[in-house]
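Worksheet: one structure, shown below.
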Amino acid sequence: MSDYQAFQVELKGSIAHVQINRPEKVNAMNAAFWTEIIEIFQWIDETDAVRVVVLSGAGKHFSAGIDLMLLASVANEMGKDVGRNARLLRRKILQMQASFTAVDQCRKPVLAAIQGYCLGGAIDLIAACDMRYAAADAQFSIKEIDMGMAADVGTLQRLPRIIGDGMLRELAYTGRMVAADEARTIGLVNRVYSDHQALLDGVMAIADEIAGKSPIAIAGTKRMISYMRDHSVDDGLEYVATWNAAMLQSSDLRLAMAAHMTKQKPEFVD
Amino acid sequence: MSDYQAFQVELKGSIAHVQINRPEKVNAMNAAFWTEIIEIFQWIDETDAVRVVVLSGAGKHFSAGIDLMLLASVANEMGKDVGRNARLLRRKILQMQASFTAVDQCRKPVLAAIQGYCLGGAIDLIAACDMRYAAADAQFSIKEIDMGMAADVGTLQRLPRIIGDGMLRELAYTGRMVAADEARTIGLVNRVYSDHQALLDGVMAIADEIAGKSPIAIAGTKRMISYMRDHSVDDGLEYVATWNAAMLQSSDLRLAMAAHMTKQKPEFVD
Amino acid sequence: MSDYQAFQVELKGSIAHVQINRPEKVNAMNAAFWTEIIEIFQWIDETDAVRVVVLSGAGKHFSAGIDLMLLASVANEMGKDVGRNARLLRRKILQMQASFTAVDQCRKPVLAAIQGYCLGGAIDLIAACDMRYAAADAQFSIKEIDMGMAADVGTLQRLPRIIGDGMLRELAYTGRMVAADEARTIGLVNRVYSDHQALLDGVMAIADEIAGKSPIAIAGTKRMISYMRDHSVDDGLEYVATWNAAMLQSSDLRLAMAAHMTKQKPEFVD
Amino acid sequence: MSDYQAFQVELKGSIAHVQINRPEKVNAMNAAFWTEIIEIFQWIDETDAVRVVVLSGAGKHFSAGIDLMLLASVANEMGKDVGRNARLLRRKILQMQASFTAVDQCRKPVLAAIQGYCLGGAIDLIAACDMRYAAADAQFSIKEIDMGMAADVGTLQRLPRIIGDGMLRELAYTGRMVAADEARTIGLVNRVYSDHQALLDGVMAIADEIAGKSPIAIAGTKRMISYMRDHSVDDGLEYVATWNAAMLQSSDLRLAMAAHMTKQKPEFVD
Amino acid sequence: MSDYQAFQVELKGSIAHVQINRPEKVNAMNAAFWTEIIEIFQWIDETDAVRVVVLSGAGKHFSAGIDLMLLASVANEMGKDVGRNARLLRRKILQMQASFTAVDQCRKPVLAAIQGYCLGGAIDLIAACDMRYAAADAQFSIKEIDMGMAADVGTLQRLPRIIGDGMLRELAYTGRMVAADEARTIGLVNRVYSDHQALLDGVMAIADEIAGKSPIAIAGTKRMISYMRDHSVDDGLEYVATWNAAMLQSSDLRLAMAAHMTKQKPEFVD
Amino acid sequence: MSDYQAFQVELKGSIAHVQINRPEKVNAMNAAFWTEIIEIFQWIDETDAVRVVVLSGAGKHFSAGIDLMLLASVANEMGKDVGRNARLLRRKILQMQASFTAVDQCRKPVLAAIQGYCLGGAIDLIAACDMRYAAADAQFSIKEIDMGMAADVGTLQRLPRIIGDGMLRELAYTGRMVAADEARTIGLVNRVYSDHQALLDGVMAIADEIAGKSPIAIAGTKRMISYMRDHSVDDGLEYVATWNAAMLQSSDLRLAMAAHMTKQKPEFVD
C-alpha cells in the first residue's frame, strides 16, 4: 500500500479499509481522488489476501461529492470549437466513470459506511458499492441537479436497480435531502446504526463474516449478481453453469462439507 | 392550448396542469381521450415554456379506465377472417399504446395526482408517469383481469420496474383493490396526502420545485432514468457521457455555480 | 397423476396442490425430486383443467435444499481431466436448472406456501414461483455460500427482480437467516400468516380467486410479466399487442362483459 | 392520394409506385420531402389495397441526398447557448430519422429502384427499404463524410446488417464511389439491370409477384425479418409462434392449399 | 441407436450420419420426423463418442419440407374459440421449433449435405445446422409464402445471420427457386460439389477432419460462435474467458502441443 | 513515441504506422507485445495529431500468432487447486483480450496490411481492426483449434460480424488455410494487392484519404459503426442523434461546405 493524498488505506486481517481522507474539505473528490481510487481498487483486485473492502469517509461526513476546483480546471481546458470541446468533455467524463467502475467491478465485496453528508458524486460512488450502511445522522442528496447538470458518473445508471424507479425520479429531479431512516425504507441502505462508531463496528462485523467464507464462492456470487443487472435470466443461468463448471472442482467445497460435518468453522485459502 | 373534449389543460407558470375532465363518467377513457392526450403531450414536448406536468382527474375519482363504449365500437369493426381481425386488433392496440408512450417519452417530468378510483387503463396511464402521489381515499386495481383480458397498454410492461415483481403478480392475477397506504408501501406511489386538496397542493409544490431547476439538466436526468429501464449500466454510462458532452457546455452550469456562490436562487432560461 | 417418490400431488377443483413429501428428510431435494418436478409441471402445463398451482412442503419445514447425498454422487462421477469434468458438471447444472425453469415457465400461476426452513436450493425454487407466502415461523437462508459455492440453480438470477439488489448481496454473501417479517419487508414474500394452517388456508383462498378468472387472460398476464424481466418496455408493448391480437377474439371477453352487466360471477371454460 | 411537392405517387393494381419527383434538383431531399414521405407511408400502411411499394427517382438520378438549403435553414435557427442548440439539433435529427423509420416500419415490402446518383441521404433512404435493385449506371457514395459529419439518418445503423462490416467502414470513412457491379458483389443491391427502363420493368415484375401472395403472410414475413435485426434467435422463435397463433387461423391457408391442389393461382383478399 | 421411422442413423467412427429416410415421400417431415429428430440429437448430445454429425436426405432430394398430412391433422384439432385455438397453435409451433432447436444447440458440429429439392421446412432445418454443402442439382425455396403463411420454425430467425438481409427478403417474399451456384454466392452453402456422391464424399471428408480435433476445443468453439449470434462482443469475450478458465486446464492442450513439436497427429480422448 | 521491443511505431504526417517488429520470430506475440500494444493505442487515442493507423508486420509474414513461450510461462504459474487456477486463467485471458480491445476501441480507424502468414492470434488481432487488406501471398488460419483450444481473444467474437456465419464455422472447426482471394470473396479482406510493396502503398493511400477528412466526422462514424455490432437500430438512431447534437455545432461542417462551394480540399484542425 503506497501513500495516497486523498485516501488512507489499511489492511486489517483480510479486510481492506479504504477511507476517503480529506476531512477538512468534507472529503470532496479532487483530482488525486479520481486517479488514486483506480490504483487502490486495482491493488485490491489483484491481491488475493484482501477478501472484502470497507469504504468510509474520515471525519464528520462521508463526502460532499466532486471538488468544485476540479470542475473549474476542466472548464479552463476548453477551446472555441464546440465539437472539439465535446470530444474533450466526453473523454473526461468517461475517465471519471472509470474510477467508479473500478469499484463496481472489483472482485471482492465493497461495503460503504456512511455518516453525515453524502452528496452528489458521493451518491454515484456508493451506488457502485455492493451494500450501503448508514449512521443515524446520514443525509443523502442527488445534488447534481442544483449544479445545472444531469448526474453522469453512475447515480442514474446504478440506482434504479437499488431503489424504486418512482422515488428515484423524485430525488433526482428535486435534489431533496433524504435522512437515514427514509434511506433504509426505500432500500438505499441496508441498516441504520445509532452513531458513527456503531456504524463502523457493525460494518466491520459484517465484513468479517464475509471474509470467513470461501473467496472462490464469494467472487462467483458477486459476479453473478452484478451480471444479472444487465442480462436475461436464461443468460444468467447459462453463465453460472459455465462458471461453476470450473469452480465446483475447487477444494473449497470439500473443505466446507468437512467443516459442516464436524460443526467447525472452515479455514479457506485466499 | 386548444379546447379538448376529454381534458382541461392549464398553464400555471411553467407547470402544465392536465386534467381528465369527464367527472360524470368517472373520467372513463373514450375515443377523444386517446387522441387528445397525444396532441397535448406533443404540445408540451415542443413548448419550452412548459417545464413540468401535473396529471390529475376532475371530480371524486382519478379514472375508471377505458370506456366500455369504445371497446364495443372496436368489436363492431371486426369481420369474419380471424387473421384480418388480428391485423386490425394489433393496429388498434398499438395505437392506444402510443397514447401512453407519448406521456412516457415526454421530455418533461409528469406527476400524477390520484384520488378515488384508479382502475384498469388508469393504472396503465399512471405507470407511464414519472411519479405518482395519492390522496388517502385512493383505490387501485388492475381491473383488466376481470374483463377477461391481459392488460395491454402498459401496466404489465412498466409496473415491474416500479413495484416488486412478486406483489405485481398478485395484483395482476387477482385484480384486488389496493388502498393508498399499501400503494405507498409497495412503491406504487411516493406519498399519501390526507385529502384531495392536500394532494393537489402537495403535488403542485413538488412540481414548482422542479420547475425552478435547469430545464437542460431536468431533461437529461429524465432521459437517463428512462433509458436505464432497458439498457445495461455500461450502455447508460456511455450514453450520459455523450449527452453531457454537449449539455455541460450550456450556460446553465455557470449560472448554477454563480447562484451557489452567492446563495441565491438561479433563474434559468426555458 | 402418477405416484411420485418426492412429491404428493392433488387436484382440488382447478388447483393443483404440489407438495414436497419427504418430511423425514426436511424435504431435501434428492435425485427423484429433480426429475419428478419436471414431469409434474409438464403435466400441469398440458392439462387445461389445472388453472393454478400451490407449492408447499410436508411437515414442519418447507425444504432444507439440495440433498447432500446427491452432491456426493455427482462428485463420484468425476474423472481426472479437468476439462472433461467441467463438461460433465456444466451439463449436470444445466439439467438441474431445467427443473426449476419448468416451474418458472409453467403457463399457470404458481404460489409457494412456506413454513419453517427454506434453505439453499429451496430459495432457488421459490424464486421460480410467481408469488411467495410465509408462515410466521419461516426462516430463509441463501445457504450455498456456506457450502463453498455460488448458488447456481436460480437464486442469483431471479431474486434481483424480486428483492432489492443491496439486500440481496448481503444475504448472498453472508448466508444469514431472514425471518418471515423481514422477508415481507424486503419483498421476498407477499404476506405472513400466523401459523402453518392459516398459511395454507390463505394461499388456497388466493389460488381459488385466481382459478375463477379467465384462463386465457391469466396465461397472457403471466407470460407478459415474465417477459418483462428480460425485455425492454417497447418490446413488451409490441409483444402484448401481438398476443392480444388473437386472444381478444376469445369469447371470454364477451362472457366477462355479460357477467359484469348482470353483476354475476362469470364461468370460464378451461 | 393527395398532391405532393416532392413526390409523385401512383397506385398500379396493388403496387404503390412512389417516385421522388424533383429531377431538376437531382431529387434532393427538401423540407417537403421529409414531411410528405411520412404521410405517404402512413397512407400505404393503412390502405389494405396497397400490397407492395416501389420507390424510385424521376429523371437521370435516384437522388443526391439532403438539400443543402434545408441544412442552412436549420443552422439559422440556432442561438448562442450550446446546450439549447444541442436540444434543438437532437430534435431535428430525430424528426428526420422518423421519416425513414416510416419507410422501414411500413407493413408492406418496399423495393428501391436506383439509377444514376445515389448519394448521402439517399443511401440512408435505400437502407430503410426491403430490397434494392440498380441500373448499370448507378453510383453510390456515403457522402456525409465529405460534409464534415457522421451520417445520422440511418446508413450507419441499417447498412451493417446488409453489407459486410469491413467494406462498410471503408465506404463510410472514404466516401468513395461504388459502381453498380461492386454494389451487387457486396450485397448492397440484389440485381443490376442494363438500363433505367429494364430496371423499372424488372422491379415492377418482382413487385407484381409479391402482390400476388397472401398479404397476411407477407406482413408476417416482413415483421419477422425486421425483428431479427435486433433480437435473439430464441426471442424471434417465440415471437413468430405468438404471431402465427392468430394468423394461421386465417382463411388464406385454406385458399393457398386449395390452389396448390388444383394447380391454380390463389386470389387473396387484401 | 434405436430404429426410426423417418430416419436412418449410422455411427461411422466418430461421425453420426443422420439421414432423413422417406425417399418415396420426398423426405417430407411427418409426425414421426418431428419427435424422432429430438431423440436422435439428444442421443448425439449425450454420447461423447459422437464428435460430428452429417445430416442428409435419402434418394434424389434432401426434403420437400413439412408433410401436408401433418398440417391437416393440426387443423382437425381446432375448436370454435379463437383464443383457445391460438393457445393450441402456439404450443404446436413451439414444439416443432424445439425439434430444430435440438439440432441448433447440439454440442457437436452438424454438417448438412443437400441434393435436389430443399423446400420450406427443409430450409428451416438446414438453417439450424453449422454448415451447408450442396450438390450441383440442389434447389432451394422458402416455400412457406406459397402456403399462405410466414415461415415459423427457424428460417426467418436464423437465415439473416447466414445470408444477406436484402437477398433474404427477396427469397422470403417471392419463394423463388435458388440454384446451387447462387446459394454459394450468397453464403447459403459453403461449397458446391459436382454430384450427389461427390457431395457425400466431400462432406464426410470435412467431418472426418473435424472429428480428429480435440472435442473439448470443438465444443467450446461451437458454443462461442452460436453465442455470438445474440450477444455483444463484450459479453462474448467475458464468456469465452470464463469457459476457457476451465477448459485450458484440460490435457488436450499438452497433447496438441506435444503433437505439434513431434509433427504427429494427436489422438484426443472423446 | 517510446522505444518498443515488439513494435516499431512511426508517425507519417497524420498516419501512425504500427509495425509488429519481430520478423526473426515470424512476429509471434510475446509478453512485450501484449503490454506494448495497449500503450501504443492509448497514445494514439490521446494524440489528436494521429488521425488514422496502419498496422502491419515486418518481414515476410504478418504474424504467426501467440508466442508459445508465453503460453508455457502461464502454465508454470498454475498450482494444484482447480478453482484458483481457473481464477488465474480467467484473469490472464481477460488481460490479453484487453490488448485487442484497445485496438478495437481506438477512436481512429485502424487498417491492417497483411502479407504471408496470418495465423491464430493474428486473426484475433485483425478482427479488431476496421479494415483488412492483403498481399496475394497472404494465408489465413484460425490455428487455435490445432492447439486443442477455442480461440479466446476475439476471433470468435468479432469475425461473425465480418464474414458469413456458415463459412466462419468451417474455418474455425477445421483450421484450414485460406488464401488471399478466398479471403476477399468471403469479406475477410477488402482488397488483394499483387505483392507486399503494392499492399503497403495501397493501404497508405487509403489511410491518407481518410486522414484528410474531418477527424470529428471520422470519430463519430467509427463509433456509430462499432456501436451497431451490439445494439438495435432504434438504439443506434437515438445515439447518433445525441452524438451529433454536439458534433454538428463543430466548425468542420462550415469548413466542409465552404470547400465544397469553392471546389477546394478543406483543411481540418486535428
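So that you can tell them apart, the chains are marked A, B, C, D, E and F in the order they are listed, and the count of residues begins at 1 in each.
The rule is short, and it goes like this: a contact is a pair of C-beta atoms (placed from the backbone, for glycine too) under 8 Å apart; a residue touches a chain by one contact, two chains touch by 3 or more.
What you are looking at is a predicted structure, and each value in this text was computed from that prediction instead of being measured.
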Provide the labels of all chains in contact with subunit C and in contact with subunit F. A, B, D, E
Contact counts by the stated rule: is the higher one at D-F or C-D? D-F
Chain centre separation in whole Å, for subunit D relative to subunit A (CA means): 48
Between subunit A and subunit B, what is the separation of their C-alpha centroids in Å? 33
Counting only residues that touch at least two other chains, what does the list for subunit C look like? 82, 86-87, 216, 229, 234, 242-243, 245-247, 249-250, 252
Subunit F - residues contacting subunit D, complex: 109, 130-132, 161-163, 187-190, 206, 209-210, 213-214, 216-218, 220-225, 228-229, 232-234, 236-238, 240-250, 252-257, 260, 266, 268
Which stretch or stretches of subunit A touch subunit F in the complex? 81-84, 86-87, 216, 219, 246-247, 249-252, 269
Residues of subunit F that touch subunit E when the two form their complex: 68, 71, 78, 82, 85-87, 89-90, 93-94, 97, 101, 104, 144-152, 154, 156-158, 160, 164-170, 172-176, 186, 229-230
Using the touch definition from the top, list the residues of subunit E that touch subunit A in their complex. 231, 235, 239, 242-243, 245-246, 249
